[in-house]
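Each of the two complexes below includes chain A, the first together with chain B, the second together with chain C.
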Partner chain A sequence: MTKEKILNLLKDQTQLIILILLALGISLTTPEFHTVNNFVNLLKQVSVIATISCGMTLVVIGGCLDLSVGSVFSLLNLISITAQQKSDILGIALPICIAIFIGLFNGLIVTVFNVNSIIVTLGSLSVFSGLALLYTGGSIIFGIPDTWFAVIGKGKLAGVPIHVIIFIFIAAFYQIILMKTSFGRKIFYVGTNHESARIVGIRSTLVRTMTFVISSLSVAAAAVMFSSRMITASPVTGVGFEFDAITAVVIGGTSLQGGRGSIIKTIIGVLMLAVIINVLTLYNVPFAFQNVAKGMLIIVAIISDVRSRGRFEK
Partner chain B sequence: MTSDLLLEIKKVTKVFPGTVALDEINFELRKGEVHAIVGENGAGKSTLMKVLSGAYTKTSGQIFFQGREVEIDEVEMSQSLGINMIYQELENIPKLTVAENIFLGRLPKGKLPGFVNFPELYGETKKILDDFKIEINPRAKLTSITTAEQQFVEIIKAVTAKNAQIIIMDEPTSSLTKQETDKLFSIIEELKKKHISVIYISHRLDEIVDIADRVSVFRDGKNRGTLDRENFDRDKIVTLMIGHAIEETEKKKFQRRHVVFEVRNLSIRNRIEKFEMKLYEGEILGIAGLMGSGKDELVKCLFGLWPAISKEIYFEDEKITIKHPVDAVNLGIVYLPEERKLQSLFLSMSVKHNISPLWLFNRHKRFFIRGRVETEIVDTYIKRLAIKTPSALEAIVGLSGGNQQKAIFSRLLAVEPKLMILNDPTRGIDVGSKEEIHRIIRELASRGTSILFLSSEIPEINKLANRVVVLSKGETCGEFTDDEVTTKNIIVAATRA
Partner chain C sequence: MKSKKLRGFIADQKILLIILVIGIFLSIRSNYFLTFENITNIFYYISIEGIIVIGMAFLIILGEIDLSVGSMMALGTVLAIVFQRYGVAVGILAGICGGAVAGFINGILVTKLRLTSIAVTLGMMVLLNGVVFAITKAHTIPGTNDAFPLLAQTKVLNIPLPIIIYIVLLIAFEILLQKTFFGRNIFAVGGNITASKFFGIKVDSVRIACFTISGMLSGFAGVILAAKLHVASGRIGMYTALLVITAVLLGGISLQGGEGSIFKAFQGILLIGTLNNAMVLMRISPFIQEMVRGLLLILILVIDAINIRKKKYI
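Here is the complex of A and B:
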């Protein structure tokens, strides 16, 4: 019985074990990777995509997918920098306000018209990337350097970058929402079986719309972090982010079929992805091959997701 | 009518784990006759048809086809004998035309290889349809014709393509209008002329009297008697269906004091016409009716799952509106749907999470869930309803159907509802769990919960209900109170199609 329990525990934590083995193997064979500097670099690299992935996790658990995050990121990056030219506080507040509208736009179209979220957000991906290009005519814009706005991206607290702290705060907040609150539980019910959820009195349209708003808000947070670090914006900064975020969510073990997953899983997924990319970079593997590797990874992850789900469909 | 036997079933038994579905059943079918089969749900009708169509293999007994013993152990075997079942869910391909469906797999070849000779296809189809006096355009897409017409196409296909000798129809008229039913009967007459035999399963005794040459009555896996046309007698059939063995349970007079729930002027498009009812405190009200009577839509509508043209609902003397299930749940009205896996369960979640949602969102009502209180509530109900599970954290998918259903009952009970709408609560569960669920329902009622109760088994309604409303084609066609509630009364009212 105890042996069985341990085995089950191990089975549930496949991703964590893979991550640990991966990190161990690499730090033993590659001295460069071993440095603390590299690990901090890793966290710094992932804070933006990890924040987006955390928001995406809620959407996926609720049974949908948000493909628009990449282009929304570009747009909010532009908005943040232009607003920052006027005032620092606007540089933070404006992207957040606009993110709420974008989230409502995605969420309401998906739920009110009851259409596939992949197609809807594929459409809004195109809409927002178009808007981002129109916004500046395709050129790069610059913010005002050396104001307190830059502290978010560049400052440190007890040696830890402030944007990493913000990310950890957001991740913890979402994890608590998912695991400890009735709203979080509703997301799981809606994602597992939205017909049953309706019958127990859950307004699934409302719950799903909220997950899209949370996703956009997470993108806004990520865009502000990025803007603060770079003090520049371009209409293509977020290209491909949707792919990275979804890959991280799926390889972390959150089911694309809804109803199962967690923020911790997603963070493990983000780290796995980052470690693999880092190693490939350290070994001078060309960028094009990195894309091949990422693509293979998501395909393997989705197959294992579907196979594990098979148990429930007898 | 010729008297030569086409099919003879001798002492066929089919045993499932825990139940005997067919108990040495005998049945015979003559060439070119329409043989109706009636019986309660669970009497063995569909099991026998599945044995005939090769979906099930019989446990013992013999089947003779044209005097020769045959073993039907697969669907292909059944089809090669010319036995064809017309399914409720039609098997046609909706995107293709009527002609293409009928000639599917043997389309007339054109001049060039791989091409179809369409003029011949449509010409042939027209001829066949005229032969059966069916007016459907051979070029019409299946999606553009009515369900009844699709059913006709299915029959024609069976007769022409599969060389059918026996056509089995299971409740073919449940979704048909009067005119469509008449049309179906004229097609059946044509089949008879072509010496094709029809096994006609229906609950509607009037139809059977109209169309059948003979009728067999099944009960508890046995054929209780076959009547010839001259001996058709409604009372006799009903008596055979019920049997003398069933004792009508003693019904105590129920004290009706306080109306909890009242429905007035409820109409649902194409389903229900001006329905009214009252439900008293602590009363178990059964709603009976055949497939297509509108009872399912009715209860769904009461719970906000089906749109109404008009509805007035009064709950504890106050007029209420229910647009979404959440409105009903907030008032203390809960619903148990008929499809456990699709509409009740959260299959990939734990027993605990399957029990707690109603309580969590309607009683607990806290943003932060108090985990310990949730666990306590769940454990209480697991104990109270004796749900067999290794632990509350076990995935619900691993439990038996009966225990899953008890978990769903726990979910409903945890909010101490004032009104429960139960749609076939014992469907597909074992006898033991069924008894337990009956006990739970009675106990709830005795404590003042009002219960609206639907079942696919009339004896179950008879056993539990204090009062029964019988629906037929969207209208109330009978109401029985206290000692009038008998299986016989309900069946007679429901089958008066």
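Here is the complex of A and C:
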């Protein structure tokens, strides 16, 4: 009985085991790897993309996908820096307010008309990237350095960068929403079968729209972290972020078919991606091959997800 | 009775009417629009994406979708440029084969492992993008064979060769779709996959064949693009999927599958080409053009969704 339990646990945590094996493998070859300092460094590198991935996780569990996060990131990065030129608080508040509208735009189109979210957000990707390019005419803009705005990106609290703390706070908040609230449970129901969820009285359009709003808000938080660290903005900063986020979510083990997943899985996915890219860099694999690796990871993760689902249904 | 038929005919040709209206408006605004040179320009512009549209129309009628067309086109471009030094025919064949292999793998993954096409082709898109970057080493590589660009530059009766190739392909694939068993099977599978299986249609072979055709045509489009530009780079094809899917939906082919024609898809891409030409002639910023393309896709999705809903209630 206990043996079965352990086996099940192992099957459930495949990703975590792979991550641990990968980390062990590297720490044997490079002694610097397994220090606390390096772990904080790793989190520092991934906090932006991890925040976006956490928001994406909720959308994916709800059975949708948001391809527009990359171009929304660029747009909000620009908005944050221009607002910061006026006042620091605006630099934080304005991107968050606009993110709510962007999320509503994506979410309402997907849910009210019941259209495929991937194709809708493929369209809004183009809309927002056009807007971002139009906003500055394609050039880079600079904020005002050395104000307290920069503390978010550069400051430290007990040795840990503040943006990492913000990320951990957001991730924990989302995990609590998913696991402990009725809204979280509704996301899982809607993702598993939104038609029957609607029939039992869950307002699935509202739930799905909310996941899109949460996704945009996470992008806003990520954009503020990034702006504060860089104090510059360019209309192309977020190009490709959508694929990094989706890769992280999928290889973490959240099912693209909706209804399964967790924030912890996504964080494991983000770390796995970072470690794999770390390894590729360590072994001098050219940068160009990283996308090959990412694409293969997505396909392998999708295949293994469907396999495990098949086993589950039997 | 007669007026009803006439009205039905006109309702079917909405897109052509819209193109006509834009055309009349533009010919009043600009003297250049109605010249032979400009009309050839529009067709030259759409001939490359138009070839991909043919394959996408097959897939959407089948009830599937392919997001990797842009990367497959880029792969075709790169392979054509790499292999054209061994002869023009070798270059052309390499591009087509590269696309076909990628499409075939898509088809195998979707049918044999029962994955959703949208997720598989999303992975394939990232993967092939990496392959293209790996081959070009993130540089722009020029062609060396002077005979190769003739594929795009030759003119027959003052009409560029790509346009003639495109029209031949349009007719050939329309016949394949409307007049052969294979074509009828595509409609059957798109209409109802389970019923088709019971009728003894080899559903999986039909689906694999369509994915391969889509890959082949994307690869071929890449070859023509390579001949036109005479360089290859990994940046090619980023927005192709967006444009091509918009064109097919704009032509009035529903994402539900089971209906449509190549001629309809052609109308869709012609409208996009005309709109693009209009925006260039009116000197609208390319950033706004990008936004318009995205908005167009979202708009047409919403209209498609409303139409599907109407049909359900009747």
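Please note the rule applied: the second predicted complex is superposed on the first by the 305 of 314 C-alpha atoms of A that agree within 3 Å, B and C clash if a C-alpha of one lies under 4 Å from a C-alpha of the other, contacts with A are read in each partner's own complex, and residues count from 1 in each chain.
Convention: a residue touches a chain if its C-beta (ideal position, glycine included) is under 8 Å from a C-beta of that chain, and two chains touch if they have at least 3 such contacts.
Bear in mind the structure is a predicted one, so any value in this text is a computation, not a measurement.
A.B. asks: More residues of chain A are touched by which chain, chain B or chain C?
C.D. replies: Larger number of chain A residues touched: C.
A.B. asks: Looking at the overlay, does A:I119 come into contact with chain B only (first), chain C only (second), both, or neither?
C.D. replies: second
A.B. asks: Check the residue A:G25 against both partner chains and state whether it touches chain B (first), chain C (second), both, or neither.
C.D. replies: In the superposed model, A:G25 contacts neither chain B nor chain C.
A.B. asks: Check whether A:I246 is in contact with chain B, with chain C, with both or with neither, and answer first, second, both or neither.
C.D. replies: A:I246 contacts chain C only, not chain B.
A.B. asks: Applying the touch criterion given at the start, work out whether A:V292 contacts chain B, chain C, both or neither, answering first, second, both or neither.
C.D. replies: After superposition on chain A, A:V292 lies in contact with chain C alone.
A.B. asks: If we overlay the two complexes on their shared chain A, which of chain B and chain C does A:I302 touch? Say first, second, both or neither.
C.D. replies: The answer is second: A:I302 touches chain C but not chain B.
A.B. asks: Please indicate which partner A:T181 is in contact with in the superposed arrangement: first for chain B, second for chain C, both, or neither.
C.D. replies: A:T181: touches chain B, not chain C.
A.B. asks: Quick one: classify A:L134 as touching chain B (first), chain C (second), both or neither.
C.D. replies: In the superposed model, A:L134 contacts chain C only, not chain B.
A.B. asks: Of all residues in chain C, which touch chain A in the complex?
C.D. replies: Residue list for chain C touching chain A: 65, 67, 109, 113-116, 118-120, 122-131, 133-134, 136-138, 234, 239, 241-242, 245-246, 255, 285, 287-298, 301-302, 304-306, 309.
A.B. asks: What does chain A use to touch chain B in their complex?
C.D. replies: 180-183, 185-186, 188-189, 192-193, 195-203, 259-260, 309, 311-314
A.B. asks: Please give the residue numbers of chain A that touch chain C in the complex, ascending.
C.D. replies: The contact residues of chain A facing chain C are 109, 113-116, 118-120, 122-131, 133-134, 137-138, 243, 246-247, 256-257, 286-296, 298-299, 302-303, 306.
A.B. asks: What part of chain B is in contact with chain A in the complex they form?
C.D. replies: These residues of chain B touch chain A: 303, 305, 324-326, 328-330, 335, 337, 342-349, 353, 357-358, 360-362, 364-369, 371, 395, 397, 411.
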